[in-house]
Amino acid sequence: MFLEQFLNGLTLGSTYALIALGYTMVYGIIQLINFAHGEIYMFGAFAGLLLVTVFGVNLFVALIGAMLFCMLLGVLVERVAYRPLRGKSSRLSALISAIGVSIFLSTLMALLRGTNTTRYPDIISRHTYTIGSVEISSLQIIILVVAALLMVGLEMLIQRTKIGKAMRACSQDLDASALMGINVNRVISATFAIGSSLAAAGGVMVGIYYNAVWPYMGTMAGLKAFAAAVLGGIGSIPGAMIGGLTLGVMEIMGVAYLSSSYKDAIAFAILILVLIIRPQGIMGKKLVKKV
Amino acid sequence: MEVLRLKGITQEFGGLRALDSVDLTVKSGQIFGIIGPNGAGKTTLFNIITGIYVPVEGTIRFRDQDMKGLPAYKVAGMGIGRTFQNIRLFNKLSVIDNVRVGSHAINRSNFFSDLLGLPLARREEKEVLQRADELLNMVGLYEKRDEYADNLSYGEQRRLEIARALALKPTLLLLDEPAAGMNTSEKAELIDLIYHIRQEFDLTTLLVEHDMNLVMRICERIAVLDYGRKIAEGSPDQIKGDEAVISSYLGVQA
Amino acid sequence: MDAFLTQYIDAYYLRIIILIGINIILALGLNLITGVTGQLSMGHAGFMSIGAYTAAILTMQYGFPFWAALLAGACLAAFFGFLIGIPTLRLEGDYLAMVTIGFAEIIRVFFLNFEPGGKAVGLYGMPQYTTFAIVWIIVIVVILLNVRLLDSRTGRALYAIRENEIAAEAAGINTTGLKVLAFTVGAFLGGLGGGLYAHYMSYIAPQDFGFMKSIEILNMVVLGGMGSIPGTILGTIILTIAPEMLRIVADYRLLFYGGLLVILMIFRPNGLLGDVRIYDIKKRWFKKEGE
């Protein structure tokens, strides 16, 4: 029973991790909490839904399609709403702009599709496997595997490719990177693109797993994923992964063993505790302020 | 009389020893200079004196009171004013308000007396305004008192920082590279100003500077830091001829 | 008095004017925290809800007189403001913002499960104690106190914290203490507004005090110009009236809203009245007379 809940937690946590990665990467480079990230995740879910219902594709095509779509969306958002503010405005302005985008996108979807919940059609045949005393569904396996593959893929991208190196450089020192000849704008766009595509993947899988998508699903998931990113150490990619998984497990365990009506509060309580006790999170380094 | 006495000050940042057993004694009325190559730990020393950092070892005594561990705002309240290496003004406040804020440490009006406009608050406001105007006059910024601080020229901003530091009626004034970026005539004015305020306010001044001419001219006593250690201390003439100092600056064995 | 007024003013407009008054109180509270002291607080609705529920429960279930219930609600909100202020010792900027969001969410979930508060259904039937006169007398008092506070030693110190915290410390300002003060007073006003709100609308529920509400209040402060009392008032008036005027395009209202935020931040991040303060207005006014 415990193991099952643990698996449920890991599954949920994987989706949180995928979203959290986008937050952490953007924050690591431009110190912006991309409030609109949750809406990108939501758009991903809907994009996948569209592909499945209208074009009748299978899960993997839907995933790829949604990821591509959100890549473009993320890059567009950055160009329109964040880039004009970079360097010249305060952090608060960028944050408020992000909030504006978030409101815009969620309202847009609500106008397009209504505020009700839509169901994902059954595109995965659901088997349940039993290993020992634990039951695990085929869907959970798919989610865990896909998420793991994406995260491994991301690590390889960051560590082994040129763009990955550029991203690491920019997250350490944006100005110095620019002076070294790195096309900072392109790196930032790439960061948004990658983060958005991961969130999209998370959206599609959540849509299928919980069998529901609705225009405001991004708000709560976004906030929780941000909590996960902070828990793991904002700016740290392994941190986002660990934080997401941990948060998912804690939330499921909390619901199973404590109370379900306070489910949403768990993530925020964790957020507050982490920020008070260890603000740099699990993987973060303590920053010494230079005076 | 000793105004400031540092003993064995050691500071570490994540494994890096920024300061190593530094001793320093500053006497009342002195203009004391601290020089050294970049990264020697000069600003770190200032930050320790003003309470921004707590040293891992060592003691700090200011006017015979133990200051180690005291938070920065309390240090200011005890009579230590400072300027910053990278100018830290209240940019979107007016020039006069910048100086008025400087008086915060010596006033006693609290939230409630401010909110209700009690006599204490009103009286202190008058005094604060008067003192701020006087200080602005002294540094030559009175005409610009209503400008936003970030509208001032660089040299004017440095002077404003000094005026603000003086607003709390300090006994000890810490100037962190006050002449940085100034031209010759501005530096001459700065020297005059430092002499003037020492006399006017009975000040002791501790100065970090890179401009050797200025340091040799104005400081009565100089300490030299390198890699966190004090490698020499003495009068300007003594320092000029000191072998350790010369080699640290030129990087050669003299 | 309200009956008297409705003879001359349409009840609909009277309602808007009263709501403007309540919003001004809320916004001035947030202005103190975020506009003046520079501590980004995105959970102001949390304080509002504490004030609203406390006041409503005290009048309806314990027979408190209105003014006592209002005061109690405001004080309880102030207490929570105090609690939120304490982490500011270690947190700043974005992290603090997240704590405030987390706090407001936890409060919302709490009220969702709070039996005496009617849980998800909320409370209804509060007598309409809030009148035009009461609101606007309070508004005027609050404005006057704010004006006096901001042109005093304490007020200048708060601005200094926003501008440059390290320099503020070097000038003798107990930055943590004053940040806590700002939160406490700002929360007090938030709770006060909440209590007035509850006894005007006669119905409150947890969803009235969600993240969007916090953002609405934040926008009133940001639109007008942060730290500026006339700016906050102007921003509040505009953003209270606009949704009413845009009722025709009600569905698209939020779309405009989100877009407006982005555009505003790009083109006029300092808000409409920038950094205008009463002090500046007085100065300009006297200059005109002299010329």
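Read from first to last, the chains carry the letters A, B and C; within each, the first residue is number 1.
Following the convention adopted for this analysis, contacts are C-beta pairs under 8 Å (C-beta built on N, C-alpha and C of every residue); 3 or more make two chains touch, one makes a residue touch a chain.
Bear in mind that the values here come from a model prediction, so they are computed numbers and not experimental data.
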Of all other chains, the one whose Cα centre sits farthest from chain A: B
Centre-most chain, if every chain is reduced to its averaged C-alpha atoms: C
Centroid distance [mean C-alpha coordinates] between chain C and chain B, Å: 40
Distance between chain centroids, defined by C-alpha means - chain A, chain C (Å): 32
Rounded Å distance, chain A centre to chain B centre (Cα mean): 47
Two or more partner chains touched - positions in chain B: 52, 84
Shared interface positions of chain A, touching two or more other chains: 291
In chain C, residues with contacts to at least two other chains: 166
Residues of chain A touching chain C in the complex: 27, 31, 33, 80-81, 84-85, 89-97, 99-105, 107-108, 111, 219, 223, 226-227, 230, 261-262, 264-265, 268-269, 271-272, 275-276, 279, 291
Residues of chain C touching chain B in the complex: 145, 148-149, 152-157, 159-160, 163-164, 166-175, 181, 275, 283
Parts of chain C lying in touch with chain A, wherever the complex brings them together: 34, 40, 87, 90-91, 93-95, 97-99, 101-103, 105-106, 109-110, 112-113, 166, 211-212, 215, 218-219, 222, 226, 251-252, 254-255, 257-262, 264-266, 269
Residue numbers on chain B that touch chain C, as the complex places them: 50, 52, 71-74, 76-77, 81-82, 84, 88-93, 97, 100-107, 109-111, 114-115, 117, 121, 124-125, 128, 146, 164-165, 167-168
